[in-house]
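Note that chain A is present in both complexes that follow, paired respectively with chain B and with chain C.
The block that comes next holds the complex of A and B.
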């Protein structure tokens, strides 16, 4: 079977699955009521985090186990900005702050808060990326270092109580106010949904650009890409920063949807979960990241009620099964599934050789 | 230093934990020539290519390209800035991509991140790719996955990638392994066609192939250059016969 014909089949199937997901998400609030709608809005913010993991891991082959760091930083900066725009937050007062530190002044302007919630994690990721992805560190060590960074971030946020609320986190965060006043639950839901759709379109565009092809080449055979003249580290750092910015936007929306943040949002657990959503859904095709995130979070809602902590074990079991039986994830398997002409799968079938 | 040399190696050596894989090699390749490097397995041919293309760091000696010192530049700048393209021993291609995509990736043009972000795949010069597909005789397989091709065809895809790079110096490490006699002959003709405006260095085992393409032959043995000259001269050299041709 020709590469192009296969690509077309995959394209059609993916478009079909996307349409189903979009229809479900768009109509969900009609049937679900305010509480559940708000819960799904939170998950839609996590979908953007999953997409950011797919850019990095699925497209480029860089497995970060610290993607919650830019997510959490985005969430915290959004939370602080929201709180300080209304005066000195209660948690700061508790720790004896009577006047807002100068460094926090810019955050009192909401638009600046939004810009910094993206720019700060992106800048930090640029620094980490330059150190981590310039060639000396390889493979699993990249993952381990990103994981260590996530740990440091959690500890730091826990300890900087005066500014972050410590282990209590920050509450009392209002919903986004793109038109001057805070959105309703439903308004926010569609706001986050629109952001997720835009994030998907953005990732899709990158994937279909020539840049996306180069990222795929780096993932498949980094060495070959180097010897045809690509400065691979530039590409890796670029996608690392873009992915961090996307994760930060996700974090910002998450904080303003849930109304509170705690140190866990920067931690290893969330980082790992995001990778699991993508692994289960299937990496490299975006739809897998979306579906994996929605399905596992949905199942958690449903199952945590009677499974309790055993849910975590169930996730581990699901992950193992998928890794063994569907290495391309559920969506990857669906996209590649070919019921007809099994003989065509034989090696060299239909090739010009 | 030879003024007309495109590539000049001066006393180049490298050790692997005390084992000297390339030992004091000096060599000069003229613009437009086809240089064949032969020698028994383990003679250091591939390692020499690794040194030229900066895959392996040089310990001693210097390498000049068009009169500029390129010793220990990064491998991507050797390819991008100086225009030295390389085919690895055993095909080294992107198996999960189509033939056309492999060529498009290698196609000369901007290697910058932002330029590539704003450029769509289809804007690539189709003409250039069509021409290369004809040269490597794979026009009918342009949309096949490279992993589904035969070994010999993969070799051609990789030769096509080096052509797409528009390299001034093309280095081919054993390009005909796994090829039928017919394919080997075709490959020889490809190489003859690509020389002229380009310079080609090719390592090889098959002496018929060497006879077909060679202008100057360099014979390596145990990391050193054993002899250098025309094909007839080399095949009559008693020492070359002893270490290589008779084996």
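The block that comes next holds the complex of A and C.
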């Protein structure tokens, strides 16, 4: 099979899987009730987080173990913005705040809240990225430091009770209101789904653009990309910030869908879970991230009933098996799977390469 | 007396704990270049073993510490043979595989021993006084254990044939193998040794910490920061950096909230990595 033919086969398969997933997600609310629809809407917000991980890890080879930080920051800013737009929230009153601090005033305007929910995590990621992605810091350390940032972020949010509600988190968040009034469960579902489809298209566009090819070169061999003349650290910081912004949007949608946020949304656990979804699904082809996120979250819902705590054990086992036997993830393996067809066998193997 | 001496003393005790917990990682991360995200879980295994030997089997604490090191070490050797071995020099796979191991270990202990906290009795009770301040006597045990462990590991690495083999493999694996060193056996031994040290740390610190299945996570970040700042493969550097990190967290924590102290220390670590990527105390290597 020739290279072009193979690429076309992979493209067709990927399009096929995407179409299946899209059809399933689009028709799901018809069969499922309001509750299940709302649950899947949450997962669709997490799909955007998984896409942001794939953009960073699968495309560029930067493995962040703290992708929940921009996600959680976006979620918290969206939550606070939503709450303060209706006066001083209850949890702030509990801690004795009677007048909204000046720093929170801009958040009372919903549009500004949305802008800040993306801008603040992006700015923070720019700072971290500038320091960590300079090329002299080894990839392992980037993973570990991003993990440490996630750790400290959780501790901080737990501690800043006055503004974040501490370990109780923030509740009473309304659904998004793009047209003036809050969406219904089904309206929100399709809103989040549209966002996820847009996020996929955006990542796909980046991947197939010139930028995407430079990112691929960085992943394949960073030094060589430097020698060719690309300013690799600028590219890395850029994609790090873009991916953070995407994660922040995911967090925002997540907060407004679940109606509550807790410190766990910024933590190491969610960060590593997102990486696990992408690793299990298969990195670098977007479809793997989507499928991995949907499948593992779906299985968790399904298994929680009879496995309980043992579900986590299953996640560990699945991850270990994937790393052992399917380094490209499930979707990666499906895309590359090539049965020897009778016609090809007759021609003598037919493995032209 | 002011608050500063108390902070400094507490910092010293914290530093000993940190050093004890990081030593295993210096071997596994620094010398073998393996990122072991299950490091904290090996500490957890050590702590549980210590709990089992001292609280359930009612044996003396020394037996608990020795048993913990043995169990964690053997377990580590098995993990190296079955999992780690396949992924040398591939850090992403190592990260994922060791993270999977850490989830599996945490969950097995949760299912086996429940999430309830286990209590390990202090083997040495009472306090001692310096000036007008009183500190628990057990803190001295931790300091002594940390000092002994560092001394032991330094001797082992720089004065024995085993240590020479480990260093030879690190410098040039192929050449070392050509000269007849059994690299894969040495890898298993040194990984096991790193895990045994983690287990020992878990046992020694068990009486002053909380023993529960998910305890590993907090140790992991602390150990990594320490090792990274120290210059991953240096025992003395790690000793210095654990002192630096604990003292600064402790002293800063005396003047501001603990959280801000943690943030400042993390920013410091990021800056150190940015400008000295191989750690503060690392020798220049080519």
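The rule we apply is simple: the second predicted complex is superposed on the first by the 339 of 353 C-alpha atoms of A that agree within 3 Å, B and C clash if a C-alpha of one lies under 4 Å from a C-alpha of the other, contacts with A are read in each partner's own complex, and residues count from 1 in each chain.
Here, contacts are C-beta pairs under 8 Å (C-beta built on N, C-alpha and C of every residue); 3 or more make two chains touch, one makes a residue touch a chain.
This is a predicted model, so every value here is computed, not measured.
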Checklist entry - For A:131, is the partner it touches chain B (first), chain C (second), both, or none of the two (neither)? => result second
Checklist entry - Between chain B (first) and chain C (second), which, if any, makes contact with A:31: first, second, both or neither? => result neither
Checklist entry - Regarding the shared-chain residue A:111, is it in contact with chain B (first), chain C (second), both, or neither? => result neither
Item to check | Which superposed partner A:268 touches (first chain B, second chain C, both, neither) | outcome: second
Checklist entry - Of the two partner chains, chain B (first) and chain C (second), which one does A:231 touch, if any: first, second, both, or neither? => result first
Next on the checklist: After the superposition on A, what does A:312 contact: first (chain B), second (chain C), both or neither?
Outcome noted: second
Checklist entry - After lining up the shared chain so the two structures overlap, which partner does A:206 touch, if you call chain B first and chain C second: first, second, both or neither? => result first
Checklist entry - In the complex of these two chains, what residues of chain B are touching chain A? => result 53, 55, 74-77, 79-80, 85-86, 88, 92-98, 101, 104-106, 111-113, 116-121, 124, 138, 140-141, 143-145, 148-150, 153, 161, 165
Checklist entry - Given the complex with chain B, which residues does chain A contribute to the contact? => result 2-4, 206, 208-211, 213-214, 216-217, 220-221, 223-232, 234-235, 238, 347-353
Checklist entry - Along chain A, where are the residues that touch chain C in the complex? => result 63, 65, 128, 131-132, 134, 136-141, 143-145, 147-149, 151-152, 155-156, 159-160, 268, 272, 275-276, 279, 309-310, 312-313, 315-317, 319-320, 322-324, 327
Next on the checklist: Quick check: in the complex, which residue numbers of chain C touch chain A?
Outcome noted: 35, 83, 86-87, 91-93, 95-97, 99-104, 106-108, 110-111, 217, 221, 224-225, 228, 257, 259, 262-263, 266, 269-271, 273-274, 277
